[in-house]
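The following blocks contain the structures, represented as structure tokens.
Presented sequentially are two complexes of subunit A, the first with subunit B as partner and the second with subunit C.
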Partner chain A sequence: MASALSQFLQAVAFGLVEASVISVGAVGLTLSYGVTRFINFAYGEFLAYGAFLAFFLSGAGAGVVGLPVAAVVAVLLVGALGVAVSRVFFRPISDRGALPLLITSIGVAFILRYLLIAGASAEARQLPVPLMRPVEVAGVGLTPLELGVVAVSVVTMLAIHLLLQRTMLGKTMRATSGNRSLAEVAGIDTDAVIRKTWFISAAAGGLAGILYGVLFAPFRPTFGFGYLIVVFAATLLGGIGRPYGAMLGAVLIGLMISLGSTYLSASYDQAYAFIALVGVLLLRPEGIRGGEF
Partner chain B sequence: MALPGIASFLVTIGTLACIWGLLALGLNVHYGYTGLLNFGHVAFFAAGAYASAVLTMPPPEQVSQANYVIGLDLPMPLGFPVSLAVAALAGGLLALLIGSTSVRLGSHYLAIATFALAGIFEDVLVNETWLTNGTFGMNSVPKPMRETLGAGGWQVAYLAFSALCLLGVYLLLDRLIDAPFGRLLRGVRESEDAARMLGKDTNLVKLKSFAIGGAIAGFAGGLYAHFLGSVVTEQFVAGVTFVVWAAILLGGVASSSGAIVGAFLLIAFQQSTRFILTIYGWIQSVLPEPLSGVLPAIFAPLPDHPSFVPSVRFIVIGCLFVLVIRYRPEGLFGDPNEVTVMGEEE
Partner chain C sequence: MGDGDSKGRSAGPGIDAIRRYDHAILSARDIETGYGDLQVLFGVDLDVRSDEIVLVFGPNGAGKSTLMRALVGTLPLWAGTVEMNGDDLSGLEANEMVPRGIGYVPQTENVFPNLTVDENLDIGTIHAADPEARREAMFDLFPRLADRRDQEAATLSGGERQMLAMARALMPDPEVLLIDEPSAGLAPQLIERTFEYVDRVRESGTAVLMVEQNVKAALAVADRGYVLDVGENRFEGDADTLRDAERVRDLYLGK
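Right, the complex of A and B next:
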């Protein structure tokens, strides 16, 4: 009985750890949807670039700096990459409706992914993180690394909350997301807002990729595209374009993956996220959390 | 009698191009004529291929490394048409199943739902070893009349058969699209509200479109399984869907002949780039002495690993998406008027 309970709690704990990774990615994706209004299939590549840049900048690759510094640099670089990608690929066709943007994003995903493979080969890599023993509390064990991932994610969520609610940028982002022409009339430089949103969104993707790399080593350059569906699931579950919904959606998806692979079958881990996603799409396409931002 | 290298290569390309042409025709029914964003096309292709494999593989006792349970061992060549028909049926049924859950979704949600469902289907193929033999694959799918015709003759005959199938499906679709049903498909694409106002059940129309395209893809899967003689999960990854997408975007949406041309161009491009390294070696070997240092000097900075050339191929496909959408949304042979009504805002 006690062991059944601790197995359940352990599964919940793992679910929350994975939810931390998903939520960072989902919030990033949903922020960019809020202002660009198309579903970006290239978003998964930001995750891959984050993890690989961190790998090459840190001990395992070039060996210049430690992982924390490498991670920060990688996140900033991915943010800049996001701005560049939007500038080169999406802005020139931004007035043609969402469908061309969506199809273009597939092409962009291919270009980014295979540039990464062409440059870094398809080999699986590992971030230079130490192996750690789990710390057990009441039969539930998590490594300090996993706790660190949760902490980073919680801090990121808080930062995004403060950004949206307390800063001028956040307010203009919300205004642009709510009604772009109205925001423009009110004197907001929406182009600048969109640019900054791309930076934040891509940077969040990069961070999610690094967290993924810390948890699920070794990873390949294709992992971002594979994980995209999980991120989509959380994003849509929370109602696309809604950051707080995305956080909630991430928790649910993380739990679903973890409980599903514990109690049903471990070989279908991501399929649980897919099934949840399809279920949400069918029953409540606007997501579980209605309302504004 | 075997064909000489180059001829055999060309015949192989031709057959693959016919199969991909069928896939493109199927997707064109979804996206081109009905405006459905289907990002899970590969699942229907896989369903057909596996249906054929299960029907015609010898029972597991006769095959080494067999973990599957069912092999119905349909006799060739009489079983061949049955196998293809069942493949088409399997693709169509899977499309009905996937479509009935998600076809009523808005276009972008449909894209994600089909993408996710194809992902689940791929997971099922990998994990349900009893049916699919897992990642090891079903590697004894019979090639009909291979013994009677000999290696070379069989290749040519199979190409001819594939081309006939492609032509047949093309003509069928041509009739279908000109029929009232085809106008209904386009009506749904152009304005669901208008179609509904005329008393049409648009979800049912979309579902039919989904099933037709899925059946064509399933048929292509059966053709593919008997051509290669093996069906492995690795052949049915999400990338296949997007290669077919690239084909119809390049050839021209809402144009059957465009879709076929697009598929031929893409397969020719994909297959011929396999020989870049051979050609490079050949040029290097015929260059006179003073020039022989030039090429290595140009290409030396490029990374040297086996994934390099294949990834360049996909980068080109990605650029194709971006460039066609930006500069020529109607593709090579499409009609610009068909594109403006597909949610593109001019």
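Right, the complex of A and C next:
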């Protein structure tokens, strides 16, 4: 009886750890949707680039800096990559509507992925993190690393919350999301706001990829595209374009994957997210229409 | 009649002449624009002088909102010029109009629905010299908004939303406020109130260019007006002249 309970609590704990990764990714995806109004399928590649840049910059690769520094640099580089990608591919066609942008983003995903494979090979990699023993509390064990992932995610969510509610940049992002043409005539340089949003969105993607790499080693250059389904499910569940919804969606998807893996079968973990995604589209189709933040 | 230099294209004074004014703050000359292949404006002239309330009216689809969009740069000009205090504004981005002293309240979707009242005003502070003084001034003008500071704009009533839209546009203390049908959809008592607000805006030193369908009520506060029809100015004149002119009455005011 006690062990059934602790098995359940353990599954919930793992679910919340995975939710931490999903949440960072989902908030990033939803922010860019909120201001640009199209679903960026190249977003998964930001995760992959984050993990691989962190890998090459840290001990496991070039060995120049430790993982925390490598992670920060990688996140900033992926942010810059997001700005560059939007500038080169998305901005020139930004007035053509959501569908051309979405299809372009699928093409961009392929380009980025094969560039990464060309540069880094398709080999599976691991971030230089130590193996750690779980800390047990009331029969539930998590490693300090897993707790660290949760902490980084919580801090990131808090930072994004403060950005959106307290800073002028955040308010102009929300204004642009709510009514872009009014934002423009209200004196907001919406091009600049969108550029900054791309940076933040891609950087969040890069960070999610690094957190993924910390938890789920080894990883291949293709992991981002696969994990995009999971991130996407959380984003839609919360209503795309809504950061707080994305956080909630991440918790639900994380729990679903973890409980499914524990009680059904561990071999279908991402399929649970996919089922959730289909369920959302059937039961809550307004999720894909989205809102503003 | 009138104190403007009579340089209209049609000879002689009176409502048929579109007078042009030399010392206007906002001047539009021969504006042409439209959407895609559809030309909507065919050479419109318009001036707003300081301390004036100028009314634009005319039938639905005449191009009144289009004229406003052309003035604030959300629609590119096909021909003609827009000047503010003698500076050519053509080719500027819409977001560059606010620092030049132009405020604009669109006809619809004129607040940020997902932002609170206070946050909508925050957006207005971007180009405001003294944000907190302006915020207080807005709450003096619209006390209703002060009671609803933390409410999301999406949940405001139509009248409150219109107040918020005006307040947001007035935050930077513009030299001229462009406002598109401020009384649309409001109850009769609120319609009069709206024009009182417009009058107070002028008293506080901001000139107003207003599109309105409630022409009689609007003419009560306006100094001058233009009649726009099928993308052209048909008449221009002082408020009294327009009110009394038979042809304007027959065609555009109803009996």
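Here is the rule we use: the second predicted complex is superposed on the first by the 287 of 293 C-alpha atoms of A that agree within 3 Å, B and C clash if a C-alpha of one lies under 4 Å from a C-alpha of the other, contacts with A are read in each partner's own complex, and residues count from 1 in each chain.
Quick note on the criterion: contacts are C-beta pairs under 8 Å (C-beta built on N, C-alpha and C of every residue); 3 or more make two chains touch, one makes a residue touch a chain.
Quick caveat: nothing in here was measured; it's all calculated off a predicted structure.
Peer 1: Look at A:168 in the shared chain and tell me whether it touches subunit B only, subunit C only, both, or neither; answer first, second, both or neither.
Peer 2: Only subunit C is touched by A:168; subunit B is not.
Peer 1: Is A:39 touching the first partner subunit B, the second partner subunit C, both, or neither of them?
Peer 2: first
Peer 1: Looking at A:278 after the superposition, I want to know if it touches subunit B, subunit C, both of them or none. Which is it: first, second, both, neither?
Peer 2: In the superposed model, A:278 contacts subunit B only, not subunit C.
Peer 1: Quick one: classify A:189 as touching subunit B (first), subunit C (second), both or neither.
Peer 2: second
Peer 1: I want to verify the contact counts: of subunit B and subunit C, which reaches more residues of subunit A?
Peer 2: B
Peer 1: Does subunit B (first) or subunit C (second) touch A:179, or do both, or does neither?
Peer 2: Only subunit C is touched by A:179; subunit B is not.
Peer 1: Which subunit A residues come up in both lists, the one for subunit B and the one for subunit C?
Peer 2: none
Peer 1: Spell out the part of subunit A that touches subunit B in their complex, as residue ranges.
Peer 2: Interface residues on subunit A, with respect to subunit B: 38-39, 89, 92-93, 95-100, 102-104, 106-115, 117-119, 121-123, 225, 229, 232-233, 236, 265, 267-268, 270-271, 274-275, 277-278, 281-282, 285.
Peer 1: With touch defined as at the start, can you tell me which subunit C residues reach subunit A in the complex?
Peer 2: 72, 74, 93-95, 97-99, 104, 106, 109-115, 119, 122-124, 126-127, 168-169, 172
Peer 1: Across the complex, what residues on subunit A touch subunit C?
Peer 2: Subunit A reaches subunit C through residues 168, 171-172, 174-175, 177-179, 181-190, 291-293.
Peer 1: Can you check the complex and tell me which residues of subunit B touch subunit A?
Peer 2: 37, 101-102, 105-109, 111-113, 115-117, 119-120, 123-124, 126-127, 238, 242, 245, 249, 303, 305-308, 311-315, 317-322, 325-326, 329, 342-346
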